[in-house]
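Labels run A, B, C and D following the written order; every chain starts at residue 1.
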Amino acid sequence: MMPDSEKIDPPPQASRTPYVAVVGPGEASTHELRQAEQVGVLLALRRAVILCGGLGGVMEAACKGAALHGGHTVGFLPGRDRAAGNPFLTITLPTGLGELRNGLVVGSADAVIAVGGSWGTLSEISLAMRTGKPTFVLGGWKVDTNAQAAGASSPREVSSAEEAVDGVFAMLGI
Amino acid sequence: MMPDSEKIDPPPQASRTPYVAVVGPGEASTHELRQAEQVGVLLALRRAVILCGGLGGVMEAACKGAALHGGHTVGFLPGRDRAAGNPFLTITLPTGLGELRNGLVVGSADAVIAVGGSWGTLSEISLAMRTGKPTFVLGGWKVDTNAQAAGASSPREVSSAEEAVDGVFAMLGI
Amino acid sequence: MMPDSEKIDPPPQASRTPYVAVVGPGEASTHELRQAEQVGVLLALRRAVILCGGLGGVMEAACKGAALHGGHTVGFLPGRDRAAGNPFLTITLPTGLGELRNGLVVGSADAVIAVGGSWGTLSEISLAMRTGKPTFVLGGWKVDTNAQAAGASSPREVSSAEEAVDGVFAMLGI
Amino acid sequence: MMPDSEKIDPPPQASRTPYVAVVGPGEASTHELRQAEQVGVLLALRRAVILCGGLGGVMEAACKGAALHGGHTVGFLPGRDRAAGNPFLTITLPTGLGELRNGLVVGSADAVIAVGGSWGTLSEISLAMRTGKPTFVLGGWKVDTNAQAAGASSPREVSSAEEAVDGVFAMLGI
């Protein structure tokens, strides 16, 4: 029963596994859901871990796409009930933090892909930009700044799942 | 030494004291700083508690305005060093939560006034909208949504400190 | 309306105001409530800010004692409803963090006084010890460690409110 | 590239996967490390997900034991650097929450096994008891309560990894 400590190597891929937050609304259009699912597929094929808010809509679609290809999907739920997570999560974390869990999703990620728009999604895009993470937006919010904020950089708007995922990997240098 | 428990009444104003988050960038224009200071003055005159991120720029200017009139100002610092708070805070809370403290500032408030713009500020505006709090923007970000998000309401853009503070009190029904 | 920026000084006491967390169960004995109230009185007389979990029992008793002498009392509520705070709070913060708010109470304090015991209280004592804060226990938990943990220091057990408050100020060098 | 949405079923085991927090100090005795490793082995064999603080000592030993048998191990790091995680984590989450991440480890778990003792560990045991989660202690802290707290239940002290893991599964009814 006692393992032999000398023989175990760490899983070799772990140190370079990218963690990508896929954020978007719990209620989304058919087009957005298809884009999110494709983002999930592409991230799983490239061995990224998907982080998300754990619920339905864009979150579930991305997890579903990843599940088809053996991807890892982590859901940070706002509440305390693990059963509220979507069925395609491989790890379900009932944080009990409410909307503050958005900060954990983004804060634990190396990059962020937003699909579609909602105020919760925009809070995640903003936090990602605030903390300097590569951020790609597929549809959804356009953020215009006035003169006072003109110096700020912007999230990169993309038009396909491929462009978003390629962009993430290019920015992360993987 | 032992107090007489029977004689103490709660401070009568507490139950209806409005808590207003004043959010904005740590580096701001002279115009923004003057607006933030006026917001602080007006909130203090109307006995609101100001919640903020505790640092400089818009946060400090609002606290300075309030301090002139005996206002209460609470700062949620991102780090663990209380001395990093601006000198006009009456309560300084070193949360150690990093940028996640933005969620506490907004989450603990009844309404939000944003002055000027930054990605951190936009995360606070977004969280306020997400959680249904009255939100007023003085200068700063303009948020345009595309078709998918067209149903979302927007923060109210105002052009003066008076308009922002009057709006908050009108929305709160105080 | 526009304040004169040159004339305002920060409140001079702010930089040396001690912040003391008073922690204890929401249901407590009469003896514990009297001790907590005395702790509140003594802290207010020495111009400390009291941080607490914002609810009843020991938390409310400490706030009540402080209110008698114009003390400042900050309550970090677990939920989102400000009205759940006890009536002697001067600042009421509905964090929405659930039991995680215990970490904020302790993390934002310079020192901790525990009155009576509960598992929630012990989590606060433990976090205070973990982060190296002066910690005083009036009644309540006795924590015995076995051989493996023998090197750990312990919270200081005291037998009166005066001893607890004097101890805090001595440890903080104020 | 577009997946066929109709054909994908959720992974069937997900709904009944137990999540068990393994908590303990970053510096531990050889005996404690062996016990933690065995806990990891046994949890992996029974398909539990291990949640931990992500660092060394007891946390790393438990993850190492699990890694030998293909177990899933999630580490909630206090800081923002993913590279600080131990090499046996399958999911590494740099929360940036400092010691508050202890609350996430416990809050996201169905049950808790503590190996050895430290103040951080005791904060996790206390939070687990506070929130009513099955809690087993292997060595480490003994917590004695005085009269005021006599009604409180206690974590269950066990003397082997098997007893701890069997106890968890019995309590969870799995």
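We take it that contacts are C-beta pairs under 8 Å (C-beta built on N, C-alpha and C of every residue); 3 or more make two chains touch, one makes a residue touch a chain.
Owing to the predicted nature of the structure, the values given are computational and were not obtained by experimental measurement.
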item	value
Interface copy of B-C among A-D, C-D or B-D, judged by whether over half of the contact pairs recur	A-D
Pair sharing more residue contacts (C-beta pairs) when A-C is set against A-D	A-D
Separation of mean Cα positions, chain C and chain A [Å, integer]	39
Centre distance in Å when chain A and chain B are each reduced to the mean of their C-alpha atoms	30
Length of the line joining the C-alpha centres of chain A and chain D, rounded to whole Å	25
Shared-contact residues (touching 2 or more other chains) in chain C	80, 96, 98-100, 104, 107
Chain B partner contacts - residues on chain A that touch it in the complex	28-29, 32, 98-100, 102-104, 107, 116-120, 122-123, 126-127, 129-131, 139-146, 148-149, 152
Complex contacts: residues of chain C adjacent to chain A	80, 96-100
In the complex with chain D, residue positions of chain A that touch it	1-3, 5, 8, 10-11, 14-15, 19, 34, 37-38, 41, 49, 64-65, 67-68, 72, 74, 80, 82-83, 87-96, 104, 107-108, 110
